[in-house]
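Below are the structure tokens for one structure; questions will follow.
Labels run A, B and C following the written order; every chain starts at residue 1.
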Amino acid sequence: MSLISLITDFGLKDNFVGIMKAVILKINPQAQIVDICHEVKPQGLLEAAFLLRGSFRYFPKGSVHLVVVDPGVGSQRKKIIAKTKNYYFIGPDNGVLALALKDEPPIDIVEITSQRYFLKPTSDTFHGRDIFAPISAYLSRTLDKVRDLSKGAPLRKFGRRIKSIQELSTPSVKVSSKVLTGEIIYIDRFGNLVSNIDKDTLENFVSATKRGGSASATRIGGCANICGANLFGGKNKKFKIFIKDKTIDRLFSSYAEGKHLKPLALIDSFNHLEIALNCGSACDYLKAKKGTKVFVYL
Amino acid sequence: MSLISLITDFGLKDNFVGIMKAVILKINPQAQIVDICHEVKPQGLLEAAFLLRGSFRYFPKGSVHLVVVDPGVGSQRKKIIAKTKNYYFIGPDNGVLALALKDEPPIDIVEITSQRYFLKPTSDTFHGRDIFAPISAYLSRTLDKVRDLSKGAPLRKFGRRIKSIQELSTPSVKVSSKVLTGEIIYIDRFGNLVSNIDKDTLENFVSATKRGGSASATRIGGCANICGANLFGGKNKKFKIFIKDKTIDRLFSSYAEGKHLKPLALIDSFNHLEIALNCGSACDYLKAKKGTKVFVYL
Amino acid sequence: MSLISLITDFGLKDNFVGIMKAVILKINPQAQIVDICHEVKPQGLLEAAFLLRGSFRYFPKGSVHLVVVDPGVGSQRKKIIAKTKNYYFIGPDNGVLALALKDEPPIDIVEITSQRYFLKPTSDTFHGRDIFAPISAYLSRTLDKVRDLSKGAPLRKFGRRIKSIQELSTPSVKVSSKVLTGEIIYIDRFGNLVSNIDKDTLENFVSATKRGGSASATRIGGCANICGANLFGGKNKKFKIFIKDKTIDRLFSSYAEGKHLKPLALIDSFNHLEIALNCGSACDYLKAKKGTKVFVYL
């Protein structure tokens, strides 16, 4: 039984998502559809790309991941299918698949050119319904018949092979010997502030700086003790995190360790440095937003 | 495997929808349930009727469409099942099914009178749970056993045959030789403004007026060139659209053709004349709302 | 086919719920997942407990009810599975399961201690994904293989048996011979105000007071006639309900019986005394909130 995951910016107040599911199930009644998220901000490419990257690996091998965040619908932007070792990714070629495909590189990419599988008539305003849903359904139906998933389904019937996809420009982390400068790139329902500094970057920065011997010079004010046996190999390293006018001098391993309504930092469940508030919204408390800077000093 | 679609005004913050699904699956574990929309404004009959009409035809033949927007729950309003060539429609007889059944006329209508299939005890406040969900489930279970879908399932066991249903009063389009006057009847998540002027009405108006020769008299200011090979047979006709204090003189075939943050008009994916903003909300930009007038001049 | 119901405070704007479903379906592709509600207010234990209690009994026998409202994630709070006559309940041991388990007492309770079924690596911030989803999936997979559901699945492989769970403190109803004092504990999407006075409590109060003979002394102003043949055995008893500065002197059996935009009272579909407004929001109209007092005088 093939699984199709959905990420869109269609929201839940209209009938767009329900119609896509109807189209899918009309073509492949066996398809299992899982909503990842439909509340992506309209035209929120980075948000959708981030949600997809955080989600895709938890799905069964052979799942089809369909993303429809598509401000260029009806224009000349390509529509693509990318096959990786474990999954199939379908969407407009506007960067929305780029972060996931950086983590799991494509072994085959096809631009959807054959109109054979489109809904007819095909609108220029709702490719989710008329192109992406039916393509996903036909692909999943093919996958149901494939016994050897490692071989997978042939994509060539859907269009012509291409070599690369549109990249997505993302805010980068600046690394100096003294300071790591990142920013908030995602804010979740709880008001937790997710930065673009991932665990590896933080760990490398802390280790490198320590080896470089400049640690004492950059140690400002108090110091952060990384807690949690698994974090950074359990070594007792020291750094401080600054966001807005607040200083955080500890890295916790859970929200509940924080003091009630005091900002805390941790490596979150997607391996990003996150600023949170135990039982409250760090976003509201700090009046932070996407783009708010986060500094790490050693 | 029978499919049941759901439209309600129950929202997603309570347990109402989950309970309806539980009741359905307890009776028919094979039922496949697809949410069309639960965020219909409370008691929003016209909104629900519009969403149903836009959605029902995309579902597999034999699907059961259940709509629970039911301000009269517990009163003497009827509860009905309507069978059409391809589908079954279930809901209160308050007009919520009327637009869909205008597009696909019923060949059998039954008022639900038999209490045999109700949940017991049966409340007067939640017929979605106690009457509509179980009736849908029993009907879908029957459909699973019917081999010849063209013959369909007998409805008589659920109640007594009736001849007509409650109509729904909808804002009508005024047509004169010089101007077409419609209004906004639906606003989607993106702030796109959907008017009650459908493609056929617009096309007929443009053709008739042109044939009548009064086109030059009513041509005001610039002119609209309908683009898109499939629109209006590719002929190059001219008209202007007015909404609030804005004039739109072109009909596009996709959002992306519009200038960034400039109002545009197109025939949307449900064949209605729609006012939109490329990468923005026409609703916010124009401060429009349901009922805002839209004029088309030739 | 085993069914897993979900209640969380994860909302729908992130990917948390979709990821939990992915984890479940990767382990048990046959699992059927039903969302009860994900819009529980962050850390809203009482709200989640109330939604669960109102929902669980409508599901098929053998269903697994998973609740993840878990402000103490990563702390020393227990994670538990409770087996009752008809269902399995899984969640953090913070009281969120307590109301349901008061209605349907557990016959076996296990603290989840075996890490064998956890996702690895196991975070301290997202037990919904790493612990609760996989445990639910493994349990439901076991249930699929159990033929004799009355015997059920053994829980011991997931951890060690415990004897009791964390209670949940809830606002209590004060009963005197003259007045019943309750409060609003839940407000639904329609603005209906659900009180903590249930049907039995109200009925007992009315009967007892009547028997006590003090009814005439406590009868204030007009009087309430309980309507509806099934309510209170059809006897014609009299009482008044006070909320904010309003008096309600009738108990209706449906919303539609109320006058347009006038507050009304009824026993709702979950057997609680509810204050509502026909075609409007009692919450907005009365400016009420959770905790607003409700008085019943005889």
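Annotations for the structure displayed:
Convention: a contact is a pair of C-beta atoms (placed from the backbone, for glycine too) under 8 Å apart; a residue touches a chain by one contact, two chains touch by 3 or more.
Given the structure is predicted, the values throughout are model-derived calculations rather than measurements.
Looking at which positions face the partner, chain A and chain C present mostly different ones, since fewer than half of the interface numbers are shared. Rotation relating chain A to chain B, from a C-alpha superposition: 120°, rounded in steps of 5.
Annotation: 34 Å between the Cα-based centres of chain A and chain C.
Among the residues of chain C, those touching two or more other chains are numbered 12. Taken together, the chain A residues at the contact with chain B in this complex read 9-19, 21-23, 25-26, 29, 42-43, 71-75, 77, 121, 123-126, 129-130. Chain C contributes residues 1, 3, 5, 7, 12, 32, 34-39, 51, 54-55, 58-60, 63, 188-190, 228, 230, 253-257, 266, 268-269, 278-279, 281 to its touches with chain B in the complex.
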